[in-house]
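Okay, so chain A shows up in both of these, paired with chain B first and chain C after.
Entry: the complex of A and B
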């Protein structure tokens, strides 16, 4: 009985998240990240006189550096709290996960802290990406012949 | 025009991610992992290449392009070496992103302290 009452009270006072507002914010911020990527892509293609396909790696490295650096300065976490999926789903979220894991475990030492925990959050992306790419690659070779 | 396409596609992927986060108990880790698998899956039928042509960087920035690049590099090598080529070429195209993330995260973590 006591527990039931407690849960009712908790339910009453937990803030209700506005899902439409969250979705709109994620859509807009995610779109802005995409536009920034496109701007960087054209910028590098123009500066270095290379094709947009080659410029894409420059663009990815720039975005990763920006998000890692902003995580170090401390305000990227606040941005992620505000934008949520708008910054988690782009490649910035991958860099943010690695950077914050590296910072959190820094006090445990270089090897046992940073070295073994850096992929704690981002490792699942690489492992599932590689495994799924391998199996889908086999399927594609068997069906379409490569 | 491609800027608008990039805005729409990248925003749309993030919107799907936010809907999954809000309506299920999955964590951000689950969502990014799911998107990587979807990106790899879409490359079986060459769908993602068409999206990249349409949306440009809007399709390269989301984490789905990570899965797409993994399978794309693997298939490039597989055309020369058969199924064994999948081992050779898996990281060909994504190595920039992974190496950049590792190097920056390591170097910057030496100089900065964690914030609460």
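Entry: the complex of A and C
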């Protein structure tokens, strides 16, 4: 059988993902993460009497800690699996990806295990994050003058 | 290539599983099940080798022999350098052959052992195979604790170790014939749709087996494929009908039998080298001993890929080997 014909059969029996439902779940749960972030932001700004710009670093660190800690406790993967992009796109997804890789390679040593494998998933986020920040920064300077 | 055997029998089997299989519908046919995926070991790789060691221990106890009575140990698994089999063999001290044919390893091992027994090169052998969900996830997919969503066609690697004892003593189940399959590649590149990858290989091996032995499909009470899953099963049926004009009525897939697909988080069903033997050695052999089914064709299917070739956008080749099992009259 030709490859094309076979791929048609495969396509026929491959179930469709429910994109609208997944999108809705991600919208709601991602929104909830946003609300929690906003609450934390205001909380830190109020408690420590700092600007919201400074408080945002505190808020990010808190979210990273919560998602890394929950990953270690072993239930965060089920939550991510349900919320999908709602938890993967915010900073929680980045922390989760790093922590889960670190946990996997913990028994292979600090340097050869955790050190060299921790960024297995999250490494590309950093590389392309830094690169795009650089290029978009240049574009911003050229268009808006800084 | 199809070979007929006169005097090869699977005398006894032993099965050890992990927690998910223990909660599955076939749990009563397993010899031992762990509640924890670490199986009393430090790492997942060691846990997988423990599954093999346990299965061999139970098997030796069942056949009332020591390891010095065994001529050969044939084993394979999914991990890099088949490390689970190698680790297990280092403690067993039985002459050892290590194999890799992905999820088709179980039947590949039995075919090699059967040929050597038929040629009287050895008196007996133990064929083992293992897979471990977390060890496989770590190697082939994402970290174990990473919860990124997967498509519905994904299969869930079975955790288990299966061992069988082959000899020319007439007891247990008769190994009647075997077919060594060819590698097929119909251009599927999706590592999350292994059923679609492996269905052409399964179809080709079933067709060759039936053609070589001049048999009709209803000669067998059941034709079992290894781990095509819920969707691969449908693909195989349609492909078989369109390409070879064979209607698979008496057909099932072990991937859909080992788990409760509606209530367990296993997506399209089980997979891994241990999936087919877990169901066959447990449930199917039990049914055969009760003479409820008499002739079974077991077709173990394997996807021969690595994460590197998938990332290089190469399509995934697949293989299937078949053995025909009969009740001793």
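Just so we're on the same page, the second predicted complex is superposed on the first by the 119 of 146 C-alpha atoms of A that agree within 3 Å, B and C clash if a C-alpha of one lies under 4 Å from a C-alpha of the other, contacts with A are read in each partner's own complex, and residues count from 1 in each chain.
Keep this in mind: contacts are C-beta pairs under 8 Å (C-beta built on N, C-alpha and C of every residue); 3 or more make two chains touch, one makes a residue touch a chain.
Everything numeric here is computed off the predicted structure, so don't read it as measured data.
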{"item": "Partner chain in contact with A:47 - chain B first, chain C second, else both or neither", "value": "neither"}
{"item": "Contacts of A:33 with chain B and chain C, given as first, second, both or neither", "value": "first"}
{"item": "Partner chain in contact with A:99 - chain B first, chain C second, else both or neither", "value": "both"}
{"item": "Greater chain A contact set [chain C / chain B]", "value": "B"}
{"item": "First, second, both or neither for A:74, with chain B first and chain C second", "value": "both"}
{"item": "Touched partner set for A:7, first chain B, second chain C, both or neither", "value": "second"}
{"item": "Which superposed partner A:17 touches (first chain B, second chain C, both, neither)", "value": "both"}
{"item": "First, second, both or neither for A:84, with chain B first and chain C second", "value": "both"}
{"item": "Touching partner for A:124 - first (chain B), second (chain C), both, neither", "value": "first"}
{"item": "Partner chain(s) touched by A:139 [first = chain B, second = chain C, both, neither]", "value": "first"}
{"item": "Footprint overlap on chain A, comparing chain B with chain C", "value": "17, 22, 72, 74, 77, 84, 88, 97, 99-101, 103-104, 121"}
{"item": "Residues of chain C touching chain A in the complex", "value": "42-43, 138, 142-149, 151-153, 186-188, 193, 196, 200, 231, 234-235, 238-239, 242-243"}
{"item": "For the chain B and chain A complex, residues of the former touching the latter", "value": "2-3, 6-15, 17-19, 21-23, 28-29, 31-33, 35-37, 40-41, 43-44, 55-58, 60-63, 65-67, 70-71, 74-75, 78-79, 82-83, 86, 90, 96-98, 100-102, 104-106, 108-109, 111-115"}
{"item": "Touching residues (chain side chain A, partner chain B) in the complex", "value": "17, 19, 22-23, 25-35, 37-41, 52, 56-57, 59-61, 63-65, 68-69, 72-74, 77, 84-86, 88-91, 93-95, 97-104, 106, 114, 118, 121-122, 124-126, 128-130, 132-134, 136-141, 143, 146"}
{"item": "Parts of chain A lying in touch with chain C, wherever the complex brings them together", "value": "1, 3, 5-7, 9-10, 12-15, 17, 22, 71-72, 74, 76-81, 84, 88, 96-97, 99-101, 103-104, 107, 120-121"}
